[in-house]
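Take a look at the structure below.
Letters are used for the chains, namely A, B and C, taken in the order the chains are written, and counting of residues starts over at 1 for each.
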Amino acid sequence: MSPKVWAFAGRSLVRQPGRATLGVLGVAAVGALLFDMLLLSRGLLVSFRALLDSAGFDVRVMAADVPLITRPRLAGRTAAVAALRALPEVAEVVPIEFGGATADGTDGRRLEVLLIGADVDSGRRPWILLEGADRDPGGAGPPALIVNRNLAARRRLGPGSEVTLRGDCSRDPVSAPPLRFRVIGVATFPFDDPGSTTAATGTAALRRVCGFDDRDEADLLLVASREGQGAMAVVQAIRARRPDLHPFSNEEVVARFQQIGFSYFRQISTVLSSITLFFAFLLIAVLLTVSVNQRFAEIAALRALGFTRRRVVLDVLAQSVILVGAGGLVSLPLGFALARRLEAILHAMPEIPAAMHFFAFEPRALGIHALLLAVTAVLAALYPMRLVAGLPIAATLRAEVVT
Amino acid sequence: MSAPVVEARAVTKSFPMPAGPVVAVRDLSLSIEKGDFVSICGPSGCGKSTLLHILGCVDTPTDGRLLVDGTDAGTLGDAQRSAIRLSKIGFVFQRFFLLPMLTAAENVELPQAEAGVARGDRRARTAELLDYVGLARRAHHRPSQLSGGEAQRVAIARALANRPRLLLADEPTGELDQATGQQIVGLFERVHADGTTVVVVTHDPAIAGSTPRRLAMRDGRLEDGAR
Amino acid sequence: MTPLIAVLLLAAGTAEAPAILVSRQLLAAEHLAVGDVVALSSDPRGTSPRPFRIAGVYEPVPDPARLGAVALEARLHLPDLVGLTADPADPASAESVESINVKLRDPKDAAAFTRELAARVPGLALRETAKGDPREVTFVVLDRFHLAIATVTVIASSIFLLALMVMLVDERRETVAILRLIGLRRRRIFIQVLAEGLVIALAGAVFGVVLAAALEGGFNRFFQWKYDTALVFVRVTPAIAARAVAVAVPLGIVASVAASWSLLRRGALSLARR
């Protein structure tokens, strides 16, 4: 379409500024909702993937092929870790155990703490250190503890301070005495929700505080692939070496999450995207159809003056594209603002990690948004375009004079 | 001798209606030569506007042929007919049909832009035409700010924009008072004198009387067998 | 908590096998039938399996938080479950349960009972069922989310409605001009516009409610089929219908008045001019 077509279509729209403004605003409102639904449709997956990747481990090994929350413990931990470390594709293996504890406070209130047992060496960690250190210097003192910001703030802890934890690991009856820990660092744990109080220590200390026996078990093995190998190579190598283990690449975990986790949001985003697009289609189609109906005589006169059928049809299409395009542009800042508001609402859900977002921006969302709106603009213009294309010039001019 | 500007040969135009077809133009032949200034008059419904639409390639005859500069318009597609209307024929309507969102000058520029005339050339041509119709000072006024006579003069300037060989006017004074109508007729005389072939459809005998060639229509036919 | 990971094996018929119920989904997924004897193990490797006889099938309680997950479940009598999951090396494990549900003679005593029990057995986590499930927070949040989405939808609909009314009014500019020219007062025309707006808004709102009610069944059936669940996704209750009408009608009236405002404030002659 030549610039003169766009210019003429723009002038035609400006002719009825109220109507054009409402059209743009209507598209902006539904476009904002559409944009948000596109962000929502993959937001959790994108941020979940980012969370999984953030620690630098690209494979998770479990005891069974079952949902994370109901997984059984992995037996024969020592042998499994040794077998995995021996694989040439593997750079690092960190066994993880989960437990619970309560921290005694000076106010007498107990604070529930999620306790992570992880035997890290010199490489990657399943947390991001903010302050202090995260390698236990060893020695005869109390075991080392890394706390998250919430726990540090609520119990006024920092590197060098000490805290007593009572095991509250519901897996087994509590029989262990409270254990004193020495805080060596403050860290962020990727899967923490905004209110959670989390701490990490070595697996031996976790077992002591939880009162676990010396079962050679782990909840999870975090595995990092060697550079250039890739997660799938590690997964295949583990499956070949230890068929009893169930390794999953981050990709596979995300795929599983996509299958069952929060599918409600994907559904609602699909339903609302369809409704908003239909709404935009209806709005633009009605606006253009009424506008074309009111301009029949004028369009017939233009045809009589030598405008081709293609030219007047393109004029309608250009009007639709301008309305939807302008509305689409306005919808982006609106969509971002709305997404922030909706994110704040949804983040009040329990057990949602603070670093996980329902609305995560991806460039592809912008592309799909533009594509869907463009298709809507074309579809909405089809009927009025058909009206204009089939307009009989002479009959329309005659009818105008008669009326 | 050159070919007629436009020639209708045994043209018939009928419209299908529920009660049976209505014939607006019956077996009519007419030749408009270069330099003609023709008026077609007749009572309402006699088929004069339909004939004008056929001559202007706006409508197609049900039967017969229409030759424009010797070319059979019936063999042309919609785009080619549009091109003929854009470059060879100028149209003036009873209700002006100026685009309300454009100024007088922009309305005159519109067909030139459509024909691909360069911006500088079309600005010069527009200024020349508005001056020609006596509206140079109203160039930047919108149609809603013009009187009926002024609007019709802008419409005439627009019709002349691409230097057509043939100017067709359908009841150009139908919406105007007598004095203003006379001014418009005077403008057509001037356009004709400057070399453009003009065909005016009117039911006003006074206007018809002022043209050198006068045709009368009744029941879809030219009276007295005029060609 | 030790989740039961049931490794299910078809076993030879054993008359004394304890009875279990299996979920409809598990029955279908494993091609089982009532009366079949299956072996369950709490170990993913299937060690120490125990035979159970399928005595019936049940529809699992739908859980909106686990939409899309196939409910492969079985219900066992508590002693059977404990027998299956307990650690032989740990006698205490046969004595542990996840929770104990208590039905009081008088539900009003729940708070006092909770207080007394907490004092007598420190360390017990006690919750009154009347105070609701903490998981309900999720649905409160979803409610807020739906409300926010609905608000945006209402804004978009209002713009659409306004655009329609502007066009409708514009179409009738000449009619209004004629009415004004023959002597009708602005107030009279305003009342007419208002009445029309009310009728359109009422008709639209009622149509919307009827449409929603008509689509309700299809929508629910589709998602129940898609997720193989008994959850109800959409329910058009009288309260919701009344709320929709209560929002739509004033909006319709405001839109019609706003759209006709430009027409009413102009003089009759300027309206008549094309």
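In this section, a contact is a pair of C-beta atoms (placed from the backbone, for glycine too) under 8 Å apart; a residue touches a chain by one contact, two chains touch by 3 or more.
None of these values were measured; they are calculated from a predicted model.
With centres computed from Cα atoms alone, the innermost chain of the structure is A. Chain centres computed from CA atoms place B at the largest separation from subunit C. Centre to centre, using the average C-alpha position, subunit A and subunit B are separated by 65 Å.
Separating the centre of subunit A from that of subunit C, both taken as means of CA atoms, is a distance of 23 Å.
Distance between subunit B and subunit C, defined via averaged C-alpha coordinates, is recorded as 68 Å. The part of subunit B that touches subunit A in the complex is made up of residues 49-50, 53, 56, 58-59, 78-79, 82-87, 89, 91, 93-95, 97, 99-102, 110-111, 113-115, 158-159, 162, 170-171, 174. Within the complex formed with subunit C, the residues of subunit A that make contact are 16, 18-19, 22-23, 25-26, 29-30, 32-33, 63-64, 66-67, 69-72, 170-174, 244, 259-261, 263-264, 267, 272, 275-276, 279, 282-283, 286-287, 290, 294, 338, 341-342, 345-346, 348-350.
Listed in rising order, the residues of subunit A touching subunit B in the complex are 4, 11-12, 14-15, 297-298, 301-311, 393-394, 397-398, 400-401.
On the side of subunit C, the complex with subunit A involves touching residues 1-3, 5, 42-45, 64, 66-69, 90, 92-93, 96, 123, 134-135, 137-138, 141, 144-145, 148-149, 152-153, 155-157, 159-160, 162-164, 166-167, 170-171, 223, 227, 262.
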